[in-house]
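Just so it is clear, A, B, C and D label the chains in written order, and each chain counts residues from 1 on its own.
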């Protein structure tokens, strides 16, 4: 990873926690780094794409790619920080599997992925308002209006 | 009173079926008998299928309604009759209403020519086998209209599959039937017959079941028919039209209650009908097994006792299970019921030993026993095989059964006319 | 043996004939008046079945059986097959009788004239000497009907229809191949 | 779900174009359909019976497990994971417990590890048996279902004797086990092993060489190893496509490195290979169980874990080889008693994405076979 550090400078920051490697990458470097990780470092399997919400931070979201290389038998996480409303380039052209995974992140956090072929809700119904895995979304909260209209339940609960 | 007895006796001594004799009274009696017998057979088949399948699948099957679930089919029938009759909103009501009746009519009408014995048939038509194939093919109409009238995707696909399947397997079936009919013409006058009774008589005259005729041609024809008939009745492994996992229930998805039960009735009576064709054409119809190997009065006597022995044996099974019933007071009614059922079976067995009855019934018994073997096979298939895919089904029908059937037909004709052929070849060589 | 069992009692011919004929005519009218093509097809099936019954009354069971197998059981199923796959709703809105009614009337008139001509010829035959069917096709007993047809078609002495019969089947084969070629661009 | 207008490109509102006009027919399969294994809805675009494309509509069983996790303590969340892949609840529990243990930097004692392996492998067999029964039922063979359920029952009995529950077992605790193996546990497991071996032969006898089964499964739903990797497909599906990869070998967890077993692979990546791979996997699981039972050490079953768990701040990703594929847990701790974020990497969800690729150009009946062969559990897809 050292050579990446040289190339990209402060935009990339390799770290290790509990024996697991991860890279903190600047948002602007994301497409480049992901592409190079697959092509040059053989991380050919994207295990998961997910996000974490930190409402108190200025850049409120962590987006995390978990990658695995069959050749090196090694896992790595790529992590970037983005602000609410900011979008991330889609990794769908790099790993097809990101299609649904990114849709789920969009569904749950409202993070937009640029260049995603069909970015829409996946687990929640299409007309739903709100993004449940954000910290400001209460555990009992739901889209009462949607429930009233689509399920015909008056109270909305 | 005396006239009446004489009338009945004169009929019993007749060598013609009521239809051929033009006797409307006896024809009506036979129609009623066949109708009732068929309904009972379907009910019995329902129970047997569930029980046999259950035992193949390491479970017990119906056990609650009556001893060993004997009354389960009746309970089911009652339930079906009392269920709400739902006609979907967008359905074509008239066609939706007619469809099950077409299927049932087609399935029951074929039994007009089924020969349970030399005189035990409603009528003996000159075109018997043709009539059976023709009328049974009419049930496709009912299925297609049922699927269309439901105004829903799954039934429509089911109906289309079903009609394509039945139309294509009829061809292979027809070829196999023709090869059996060719065999009937091997007699002094060189004329064959299409009459169901005539076909069995031909097997009797030629002293061989057509299954073993021109070995292995007879067996191949029989196998083609046996495969095609399963496809024709939409049963596993060819049950695509009602493939539960793909099309929920196929063409009768939208049917419920009484109408659905009509489809059920039709399916089972169609199974019995095609089995009857197979038995008549290849398994010697009402003829008892080994007619030429075990001849003589002793063998005749032994074989004529078998029906009675069978029923006694069934009765004995019932009594054995009565003894095994739990001794709890709650099971008292069930125990009594099973014992009663066994007693009835045993009584029937005893009656079957009476010489007059024995002679009269043995034909029907052998015919039914052979059909029952096919019914068991149907259940066995269902327990064993996965389902064919539609293109594979068509492939089997058109690319395997049809060419085999054609080749078989030509071969049968050649073997049947080998004397003439050899003579002609010799003649040609001399020239 | 009771004599009443051996003799053939007369079938209620005229009663059945008029009944079956009425069914046929009603069926025929329904075929051309129904707007729903599936209903028309069902009416046509009724007509064809009634026709089979008429053949039976003419002591021609083989033709009746073939009529049921081929027309009611085979061809009509394919008819229904095709009808169900096209949009019925749109067809229902189309005009019932299209512009070919003139040709239709002419054709129907010609067919009717032919029937009348044949009818008068045959009735004259009963008393006179003129015949249009020289072979006397009704000479076979009912029980021998099928064998009779076979003899007529295939045997060397009685009939010379063998060639025509085979040609007809070849024609059908050509039609099938044509249909396949037209329907499938790539086989 | 109800707003069908948004379902482009498979628009349900356009009238059916049939046969004579165009060749397309849109069929909606599910969510109430006998062969979609729960509440999966598949919208199929057909040309006759040939599949031109399909779209999965999921989420009918979404319960917000990840949201619930953020509002429960680590211990309280443990039973919830059982409700995701409810036919392999033990595996879910193992993955979660190990992930939290890693976060806490504790390790379960050896005896607990052995019992965990035994139960997890038993659960793998149960899951495969359930898969086999329903898969065969989808293809039309009704009998294997009853055979597999009969034998799965024996596994559930062992679970019930061990922890009182049959399906959602909650068998493991963070740091080890709550219950010591009951008296006769080892005997029961050994009896089960010798009982089920001939039964697996029995299933194979019914299917492996059955002509119809071969025709229905060979060459159906083919997916190459490369496609599998690109789509993130894992588990038996990946292995049947020829990629020899099993987390139990590649990145060993629990104490799998102590056991001797093989990873079965297929060649063609079709439904038949997946069937064969899972059948061999059942046998290999039995092998592991036999080794584990023979070698259970004595000792404690619970590591020293604080009563109130407050893992240090940090993130962890830990995954195990569940019966369906890679089941991963990504846990973010903020140092409190409740996880800040738990992300479950569900194998069924990711594998289901491959359905479209596998079904294109196949027939409707094959869609059923492929859904069956992917071995999805909607509880895990939707979470």
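In the analysis below, a contact is a pair of C-beta atoms (placed from the backbone, for glycine too) under 8 Å apart; a residue touches a chain by one contact, two chains touch by 3 or more.
The structure displayed is predicted, hence computed values, not measured ones.
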item	value
Those chains which touch chain D and also touch chain A	none
Distance-maximising chain from chain D - centres being C-alpha averages	C
Length of the line joining the C-alpha centres of chain A and chain C, rounded to whole Å	72
Rounded Å distance, chain B centre to chain D centre (Cα mean)	46
Length of the line joining the C-alpha centres of chain C and chain D, rounded to whole Å	62
Residue list for chain D, restricted to those that touch at least two other chains	none
Overlap residues in chain C, where contacts from two or more other chains coincide	85
Two or more partner chains touched - positions in chain B	none
Contacting residues of chain B [partner chain D, same complex]	53, 56-59, 153, 157, 236-237, 239-240, 243-246, 248, 382-392
Residue ranges of chain B in contact with chain C within the complex	6-7, 10-11, 13-14, 16, 21-23, 92, 94-95, 98, 125-127, 130-131, 133-135, 137-138, 140-141, 144-145, 147-149, 156, 159-160, 163-164, 167, 170, 191, 193-194
Of all residues in chain C, those that touch chain B in their complex	1-2, 4-9, 36, 38-39, 42, 45, 61-62, 64-66, 68-69, 72-74, 76-78, 80-81, 84-85, 142-147
Residue ranges of chain A in contact with chain D within the complex	17-18, 20, 22, 44-48, 50, 52-53, 64, 66, 70, 73, 75, 77, 95-97, 99-101, 104, 108, 120-127, 132-133, 135, 137, 139, 150
Complex contact set, residues of chain D against chain A	1-3, 6, 58-59, 62, 64, 66-68, 70-71, 102-103, 105, 229-233, 243, 245, 250-251, 314-317, 319, 326, 328, 330, 332, 340-341, 343, 345, 349-350, 352-353, 382-383
